[in-house]
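These notes open a run of structures that come right after.
Presented sequentially are two complexes of chain A, the first with chain B as partner and the second with chain C.
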Partner chain A sequence: MINFGFTLSPSSRIDLDKANKPDFSRLAEIEPDILKCMACGSCAASCSTVNFGKMNLRKVILMLTRGEEKDALPLLETCVLCGKCTMVCPRGINTRHLIISISEAYKKAQKTERK
Partner chain B sequence: MIYEGKKKIWSEYQKEIPDDHYFYVRSCIRQNFFPASEKMFLEIVRNRLGRDFHETEHHTTCGGIAYHSDAIPQETVMTIIARQFALMTEAGYENYVASCITSFGLYTETIESWKHFPDLEAKIREHLWKTCRKEFKVPKYLAHASDIIYKYRNLIASKARYKLINVKTGKPLRVVEHIGCHYAKMFPSKGVGGAEYPYVLAGMIESWGGEIIDYPERRHCCGFGFRQYLIKANRGYSMSNTHKKFESMEPFKPDMIITNCPGCPYFLDRWQYVISELEGKTYGENGYGIPVFTYEEVAGLVLGYDPWDLGLQMHQVAVEPLLDKMGIQYDPSMKYKGNEGRDLGMPEMPHFLKCC
Partner chain C sequence: MKERIIIGFDSFVIPFMVGMIFILAYCIIGLVRIICRLEPSDRKRLFISLVTPKTILKNIRDIICDCLLHVKIFRRNLMLGYMHASIAFGWFMLIVIGHIEVWLYTPHRQGLLYYPVFFRYFVKETNHTLKGAFFFFLMDLFLLMVLSGIGIAMFKRIRSSIVGMRRTTRASLTDTIAMYALWAIFPLRLLAESFTAGISGGGFLTKPMYWLFHNFLSKDYHILPTWWAYSIALGIFFFMLPFSRYMHIPTEAVLIVFRNAGIKIRHPRKGYSELQIYSCSSCGICIDACPMVTHKKNIKYSSVYFMRFLRRKNRKKTREIADKCLMCGKCVAICPVGVDSCELKRKFRNADKALPARNYDLLEVSEEKKPAEKDKILYYAGCMTQLTPSIYKSMEKILGAAGADYEFLDREGGICCGRPLLLSGNEEAAAELIRKNTEAIMNSGAGTLLLSCPICYKVFRENYDLKGIRIMHHTVYIDNLIKEGKISVKNSGKNLVYHDPCELGRGSGIYDEPRNTISMIGNLKEAAENRKSSICCGGSLGSLTLSSEDRAAVTKHSLKNLTYMNPEEIITACPLCLKTFGTYSEIPVKDIATAVAGNITCKNKKDKE
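Right, the complex of A and B next:
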């Protein structure tokens, strides 16, 4: 290997063909409202726990659509289910219920994988 | 897309290219990168197609490389361009052809700026008179040299000795076409096919028998980008652009790449070597790279010129696998021989990228 004094930058490319579609489709069946999200970020802006953790529902939804659930699920850990995000969502999504559904759907999938 | 709608949009991006009498200006960097391309262009249009192309030794760089690197201001670059136009006016021509994509973009930008800001044009005329005692007329018609080859693509096909067809399988060669960013991305109406569906190289490939590959990063920049490359610390960014393109085109197994810009063939060619040394990865068949050509080189190959007269030994990626596919006869022992058989010396071979 030759040292040229510069290297390749890490790729920011997102390969949607590799996204985890079955788990996301299952989630969308239980919670069709997830497809209504327009990523405005009102939920993230109104979140009470944002100062105490990395909770960001807008980001979680985006990551799940890209099949990056391994990075997305830990973001939900600090959610206290206060429901403020549900009150501000302009698309009328029951985000509180959505968070519960995401946790259930993906945890179920992880348990099945382990078996 | 609805076909009628596409046809309507398409008609807005067609270009009328005059038939004859052109003033030709070379690129400042191309002659170092792929020295035979411009010579071959003039050879084809003058001697094979019988067209009038005037060239003068007095013309200089258009200044684009310094302008896009933030080294000189716009008024300076416009004055340099005005001097080129003055040379054209003195020679009695009205149709201006640039060999370089960046020059073409910059000439277009300058002429458009003068249309919107006549005061600026007057100021540049004054600068030119003070510095050179010259006056100029704005070209009636501005073209890039690839527009000319595009116009005569079918005529070239009728005189072709070889086609872009794999002689062993009888199938068309799979070709990636890469258009320089400054061709139509700044002024879509000035290029054949606009910015989204540029047809200038695709038309040549179709006429000469090849198959065009449509891949996700087809319209992505080659990574040259002037200031990204000129500063060494930023070169990783430049190379990452090229890497992205190669990763995207690799699954489609291209046989060759055709470009119409001075920087693109250079970077698509040389970065394959650097990527191979950094990552140990090559993108062609059997450890070779994907050969990259200028459109003049491909026109020259199709018309039956000797590959070594076309300067193909200057490429980093070996071109021999493609020559074999096309069935082109060549003498491997003449690859590194100059005029009158003078030995040019063998270059050092890369560690990973296979070369002949």
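Right, the complex of A and C next:
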């Protein structure tokens, strides 16, 4: 094949058959607020740890709704629960509790991933 | 004086003795278990405190003031204070005088637990001698005192507002049984002693009662049943004690001794915490105090119910309340017993939370160690202040005007102080942040650490080990600058109300410095509830699950409390309060730094130039 110096990007289509929906619905049960998110990004913009880590709550929520928790969960690791995202959220989502709930709901997924 | 019953025993004392032996055994076993559960270092501290004269004196003073006289409740409401003090102190004096009587008249009966209680039945005394009349008078006086207290307590059940309480605790079944037994004890004692007054003598209360009853009860058949009833009431009360709220009566004194020994809460349910749990008297003063109780549905989240469910080991409900609490500390500040429910809640969260994995390796502290300079100020704005830039900009202006040598540690954004993690019950992760921050601060070589956020201030003072560095909140720093004449401010003449942030006031005890400063730049107005009783702004990081609607209700309630005197501006000293109030307030809300920076007169700066 001729090398043109660029390739086709891999498909970004999400395979919903493989996505972990039960975990997400359990999360939505604990914290229904997650469904309110409109991905405005205020939380990511106000984040204290933005200079130090990959924490981005907006991205995490988007990824979780798509069932990509494997990539989403490591992003939460640097969160310091300072609560600034809760204060700026225009939808009044209790983001601090959401972050704790995510770790609770996806505990199993996290464990298997570590193994 | 003559003993009526030669053998000094009658079968009616049995219910009392059974209850008494049960409660004594329960208390002794409980105390030994708690002491065994303590950490070795805590146990050592406790035993040392028991032989230190200063702590002994403090223990005695606290026990008399809190357990007997209820000084703290008196300060809150006279009627409520009298109700508690009359029952506690009156009953205590009845017991003491009973023992003195036994000691004086029938020394050979000493050591019989029931003898002082049923003294009037067993011993015939005369009120014709001065000594006899004196004791009759005292006993009747204190009995009357207790009865008046019981009367108020009964009326309080119908209308709690007469003792200044809007809402009271919903009593549980065991509480109700013990309460009725307690109410019955003293009227029954009065009746029993009055009926016997014809034989054994009586005082100003019992003698007239005897004459009254004697008119239509000519036979003496009713004497013994009344003594039986009195004994049974006592027996039931003692037997219900460990299962009811009245367990606080014996526990509170022990709690005071442990607290004065400097023992800290280490576990939500065991050891010292057990004392805290049983010391809660379920009085419900914390219900009116709780900022969440703006809606009736939130009453169930107040500290009194937390303590109740924690005591019953109801994990689900305890967790629900623990997660809901704003941790503003008002219930702890006004608790007449001094139960530290917030610390228990925090420990409970720590023991109960599913901890998310944490990885703070990316938060690198790469600064080289700088030489120590005593005068240098290290300004740490904190993450909340980064969200309200007006505060750190004003601080820079003030620091510049004062000509201070300072370094801004987190101008480009810094890491969190760790208190939010501590509050959420993640102590291990918080320890990691604390370690990194300590390193950064120690490397800077500064002599003073200046903070703008009370949340940081509290954690830096309590959980950090910063040797040789003075930790200051900007309210204190600004007050010092004005006092020392390093900056001068003009009085704008505006009416300013000061909001005491929870973590700065109740959390760290700073009340006067910000008020001094505000009275320099305007007319200081006070809120309806201020200082120790100030109401949380609603934005507190303490709560994990409180919804935004409930938070808004707290904020509005707090604003109503602040604007009671129609001030022109609200001044606060916490970036979190500033942000929260800013959303709902109709009048401008400013941080104290911003208010001072706006009124600074440039005289000093020009002199320097």
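Keep in mind that, in the parts below, the second predicted complex is superposed on the first by the 97 of 115 C-alpha atoms of A that agree within 3 Å, B and C clash if a C-alpha of one lies under 4 Å from a C-alpha of the other, contacts with A are read in each partner's own complex, and residues count from 1 in each chain.
By definition in this document, a contact is a pair of C-beta atoms (placed from the backbone, for glycine too) under 8 Å apart; a residue touches a chain by one contact, two chains touch by 3 or more.
It should be emphasised that the depicted structure is a prediction, and the values quoted were computed from it without experimental measurement.
By the touch criterion stated above, A:G83 is placed in contact with chain C alone, chain B being left untouched. By the touch criterion defined above, A:L8 lies against chain B but remains apart from chain C after alignment on the C-alpha atoms of chain A.
When the two complexes are superposed, the chain touching more residues of chain A, out of chain B and chain C, is C. When the two complexes are overlaid on their common chain A, residue A:S48 makes contact with chain C while staying clear of chain B.
Of the two partner chains placed by the overlay, only chain C lies in contact with A:I99; chain B stays clear of it. When the shared chain is aligned, chain C comes close enough to touch A:K107, but chain B does not.
Of all residues in chain A, those touching chain C in their complex are 46, 48-53, 73, 76-84, 87-89, 92-94, 96-97, 99-100, 102-104, 107, 110.
Touching chain B in their complex are the following residues of chain A: 1-2, 4-9, 11, 13. Within the complex, the chain B residues that touch chain A are 232-237, 239-240, 243-244, 247, 274-275, 277-280, 351. Across the complex, chain A is touched by residues 323, 353-360, 362-364, 383-384, 386-387, 412-416, 418, 420-421, 424, 426, 429, 433, 539, 541, 544-549, 576, 579-580 of chain C.
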